[in-house]
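What follows is a pair of complexes built around subunit A, which joins subunit B in one and subunit C in the other.
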Partner chain A sequence: MRPGGALDVVQLAAGVVLAGAVLALWRKDLRALISVLSLQGAALATLAGVLAAHDGDVGLGVVAGVVLVAKGLVIPGLLARVVRADPGSRETAPLVNVPASLVTAAVLVVLSYLVAGRLTALFPDPLTRLAPLGLATVLVGFFVLVTRRKAVSQIVGLLLIDNGLALTAFLLTAGVPLLVELGASLDVLLVVVVLQVLATTMRARFGHVDLDQLRELHD
Partner chain B sequence: MSATAYLIGLGAAGAAALLGALLPARRRLFGAGVLSAAGCLAALVGAGQVLVSGHPFSVHTAEVLPLTGVDLTLDPLGALFVAVTAIVGLAASCYAVGYGAHGAPSRTATAMLPAFLATVLLVPAAASVATFMIAWELMALTSLLALLAEHRRRPETRDAAQWYAAMTHVGAAAILLGLVLLATHADSQSFAIIAEHRRQLSVPLASVVFVLTLVGFASKAGAVPLHVWLPRAHPEAPSPVSALMSGTMVNLGVYGILRVGEDLLGGGVLWWWLLVAALGVASAFFGALHAAASTDLKRLLAYSTVDNVGLVLIGVGAAGALAAGGERGLAGLVLLAALFHLVNHALFKGSLFLGAGAVQHAAGTRDLDALGGLARQMPATAVCFGIGALAISALPGLNGFASEWLLLQGLLHGFASHSAVTEAALLAGVAALAITGGLTATAFVKALGVGFLGQPRSEGARTAHEVRPSMLAGMALLAAGCVVLGVVPGVVLAVLGRAASAGLAGGAPKALRPGLGLDLTSLHGAIEPALVVVGLLVALVVAWGALRLVPRPAELRRARRAEAWGCGRELQTARMEITATSFAEPLQRVFADVLRPDHDLEVSHAAESRYFPGAISFHQRVDDAVERLVYQPVIAAVGWWGRLARRVPNGSVHRYLAFGFAALVLVLVVLA
Partner chain C sequence: MTGALATLGAASPSLWARIGTSVLQVVAVVVGGPLLLGLMAKIRARAEGRMGPPITQGLSDLRKLVRKEAIRAEHTSAVAALAPLVLVASAAVAAAVTPLLTTRPVVAGGADVFVVVYLLLMGSVALALGGLDAGTAFGGMGASRAMTIGAISEPALLVGILALAVQARTSNLPGIVAASLAHPGWLASPQRLLALVALVVVVIAETGRIPVDNPSTHLELTMIHEAMVLEQAGPDLALVTLGESMRLALLLGLLANLFFPWGVDASGSGLVLLAALAVLAAKTAALAGMIALVEVSTAKLRLFRVPELLAGGFVLAVVAVTTGLVTR
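Presenting the complex of A and B:
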């Protein structure tokens, strides 16, 4: 892809995905986390759509539509329902506090640039140079998963990982086949539904959705 | 021909296992018993032909195991072990038909006895590393399942099975490591090719292989300090399985040492065999001592197995040491004696374990302190057990005497050898033989006297009854073997000589002249047990006749008859009798440093005055010193490590996720 308007959009969209992940570390309000997710979904869909328009690939265009619907609307919508059931809930006390999390995210981004250097060296191209962003999103998502207590934050972490993987896939492959993207999106949708049920049940049973309190269940 | 008979035997034993698993409950025992007995007979014919002709046979099939195929070769050494297994297996199969018939015969228990038997028949014929290890592990597995047959009724069985499983796994791992080293060196896993390449093997590597395999084989043989599973597992197994374990499975440990040390490694260096002999001396002494102190009949027999395996290992070690010093004739004689003792041990220990099973069946307990007077209710069992007990105590006229005499002759003549170290080892062997002779006699006087003579000490012993004919047939077969080999040991010497010659690298000259008795060729020494027996019988008849002929004084004619071990008292109750514990007490006092008995004396007082005791209860436990000093610290350390590891997964989802995250980041850092 030659430098130009399309590439700028792609670069911006990829940057938004990573920025969203970092934003998810910063904000404690669960509703804000969900907005971050829809923002990421929209960015991913834009990226896929621009790539499809540039290559004239109809399949990728359909994928962009699926991403927009699934990641941009349906999944955040489902999560918003969980949060609405418990309006005042915030990620009050993460296992690692916000400043330390942001520093860690910076370290993870550097690490992913170091690792992905080998990948980009295989096929230097403006698109593959963006691959570290995807990898960094995956790592930050994993970090959210490890350090945040609320069930909704955990789902958000998982979705961040998925978005990071999708971003990497869009950037490194010559277009994700429709079937694969459909399968992946449906899987993620299913996971979200299951976790939504789990969170609802947890609140009904224990009166909170703090996963860290669940350690007595291990035997 | 011999190959066909042997394979038919294996097949029949395998089919018996299938029958035991598939037939309906009523026919199961009989079908499996008859078929496995037939299999034993066929295997005996096959092995007998190899032993008599001296020509080994080989079978190879590529169909059974992918990649490696199955290699079977039966040479005279292996054939001896197959023949012994077949004889004990025949008796155990007969016995099992009656043994299982009392309770509901479980499917697993009925099937596992012939399956175990088939694997024991298979191991000595294995002629490649893969075949050997598979047969060896199958033997461990089937014996473990056979051992677990009564686990529902007795929780101790589970404990015993855990010990056995752990020890046999460690042993198998050591053997596998040793054999794989050999196979890698020879670039082939066939035993024949490994044996051809033995000259290129460096001594340190060969020593590593020998020590590794020795660990595995000694643990199977039950040599001290790897014996700890044996006094637990053998008593807890059903009696036919105990007989097979003690009479045949432990032998394969000795077989393995000979096969690897002499055949595959070519005899090696002196210290290997001194190590084997040292294990033998330790086992003989330790086993005999614990047997003398045990009050559980089957535990006594199990420790006595440790003792006898020790005697065989003394012989094997001495033979290897003499052969390494170049004295082939003497080495052949000592190895022959060791193998003879192994055969005899299988016969008398088989008969004793089957007898102990009959006692347990009839009286409901195997605690000697609760038995007594069984000779009256179970005369046939008492005779079979008595023959076994006299044979194991090495009394002339029975087979234990013949082999121990031969072993002693071999060891004593070895004093003329040139190496001072070997002489010292032989001296230790002679000393061990002497002391275990005395201790074994004590143990079996106790078993026979307390168990079968005197008055019954419990309701179970009072109401005991003779067992079924099929069980008696099994015991009688082995007891008859003890008598035959004791009176005319010469009949098996040619066969044993061939096996001993095959067991030494480079062979051995004939050590004994053909005949009915024992007559050494190159050395001075001969004995004719048949004449000894005839002489003893004549002396008995003469003494008895003389007593009848000579008129006795009147007061002697009014002599009152009391039962044996009843101390001739007018009023004798069971509580006045000597018990097994009290019988062993003096010995325990002498060897208190080794045995360290744990006493527990509780005296309760009468309510009125503290000067009058109400009841006194006395408990005593004799722990295995090796287990306490060597194994318990290891188990404690493993347990500590396990508890430490349990702290890591504390149930927190975040901690588990953090492990995954840390691992991912670590991999990325390494990659970057």
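Presenting the complex of A and C:
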């Protein structure tokens, strides 16, 4: 891809995805996490759309639309419904406190650059050079997944991983096949629906959605 | 550095023109600082449904304070007398060398990121020492709080600007602005986005605005900056207030020009400078307006939560530098 307007948009969108991952570690308010996800979804859709327009690839254009609807609107909307049922819910006591997890995020970003540097060296190109941003998003997503206690923030971690994978795929392969992207999006959508059911049941039975407190078996 | 400066073109202004430009920059910061504070107070008041003081209130306050009798607390040493002077002088020197109106201010070669950030740090340290000097409980408390926050925000400021320095391949501030003027495509790069978020947080902390410090409170549990200057009165207080507002104008101007360098004059001559002044005023007023609107809608953080906010800014700055190093 030649340097120019299209590449600027792609770079900016990739930056938004990584900034969103760091913001997700930073903010404790679950509603803020959801708007971060929605922003990431919109950035990914923009990235795919620009790539599609640049290459004249209709399939990729459809993928961009699917990403916008699934990751930008439907999934954040479903999560917002879960949070709305439990107002004022915050990630109060993550296993690792916020400053420490932010420092860990910085280390993870550096690590992903070191690792992905070998990969991008195989085919130096302005697009592949951005791939470490996707890998860093995946790693930060894993970190959110293992250190947060609330069901909603764990699903946010999972969705961060998914967004990071999608970003890496768009940057390295200039788009996944339509069928694969559809399958992946539906999978994630299904996970979110299952989580919504789980969270509703948990709140009905135990009065909270703190996964860490589910230690004992009940009849 | 020389490479970036050499690309500015053949029309090199004379030494006197450059000195004049730098003086104009200092005057702009001295007059603009209180006006920006007034604008922010006005926007906050309007958003809360009040009329608010006129925008020139800051200048009137300064005039009133200067006319008052010079009086110092008992048992204060020369530190209390020097601190306001050092604060204003360091801000004035920083204003003279940073690329606010032109990319060729006087001694442009010396206007390194580190020099400017440490000039600002010198002002904060002087202010904290002045707060400690009277030996009262509030002064010491305010100074200790300000230094705690400064210890995290100053490195974040440095690292955030370094993310741009990596891209421009020079740590010279005028060089960075000149290079970003020459490459409009850089403005949308990921490291700039990350660094912008980081620096906005840092500027809010450095200027003592709401999520970090509330400039209009005198409640002992929360005040930071006000606690340091409780013992100051008359012309001393005028200098401290002026120095603080100059820092605000300087940081906002630097932020605006680093990330949105349009309108910064590369040649440094006559009428173009006036246009640059108007553009700078518009950019800083827009930034100040946005900060004021954020202030209306957010609550002040507890003091112990502030390091969390600043750690976020610092990490974003580190991520920005790493991104810049890899994707350049």
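Here are some notes:
The definition used in the following text is that the second predicted complex is superposed on the first by the 216 of 219 C-alpha atoms of A that agree within 3 Å, B and C clash if a C-alpha of one lies under 4 Å from a C-alpha of the other, contacts with A are read in each partner's own complex, and residues count from 1 in each chain.
Everything below uses one rule, namely that a residue touches a chain if its C-beta (ideal position, glycine included) is under 8 Å from a C-beta of that chain, and two chains touch if they have at least 3 such contacts.
All of these numbers come straight from a predicted model, not from anything done at the bench.
Aligning the shared subunit A places subunit B and subunit C next to each other free of steric conflict.
Residue by residue along subunit A, subunit B and subunit C are tallied for touches, and C comes out ahead. Legend: residue contacts after superposition of the two complexes on their common chain; A:Thr147 is shown touching subunit B, with no touch to subunit C.
Note on the composite model: angle subunit B-subunit A-subunit C, taken at the C-alpha centres, equals 130°, rounded to the nearest 10.
After overlaying the two complexes on the shared chain, residue contacts for A:Leu158 are found with neither subunit B nor subunit C.
Looking at the shared chain after the overlay, A:Leu139 reaches subunit B, while subunit C stays out of its contact range.
Using the contact criterion defined above for the overlaid structures, shared-chain residue A:Leu95 touches subunit B, although it does not reach subunit C. Contacts of A:Ala14 after superposition on the shared chain: subunit C is touched, whereas subunit B is not.
Residue contacts after overlaying the shared chain place A:Val115 against subunit B, while subunit C stays out of touching range.
Overlay on chain A (Cα): least separation between subunit B and subunit C is 15 Å. Touching of subunit A by both subunit B and subunit C, each in its own complex, is seen for residues 117. Within the complex, the subunit A residues that touch subunit C are 3-4, 7-9, 11-12, 14-16, 18-19, 22, 26, 98-99, 102-103, 105-106, 109-110, 113, 117, 129-130, 132-133, 136.
Taken in their complex, subunit B has these residues touching subunit A: 649-654, 657-658, 660-661, 664-665, 668-669, 671-672. The part of subunit C that touches subunit A in the complex is made up of residues 185, 188-194, 197, 307-308, 311-312, 314-316, 318-319, 322-323, 325-327.
Of all residues in subunit A, only 95, 108, 111-112, 114-115, 117-118, 139, 142-143, 145-147, 149, 211-212, 214-219 touch subunit B in the complex they form.
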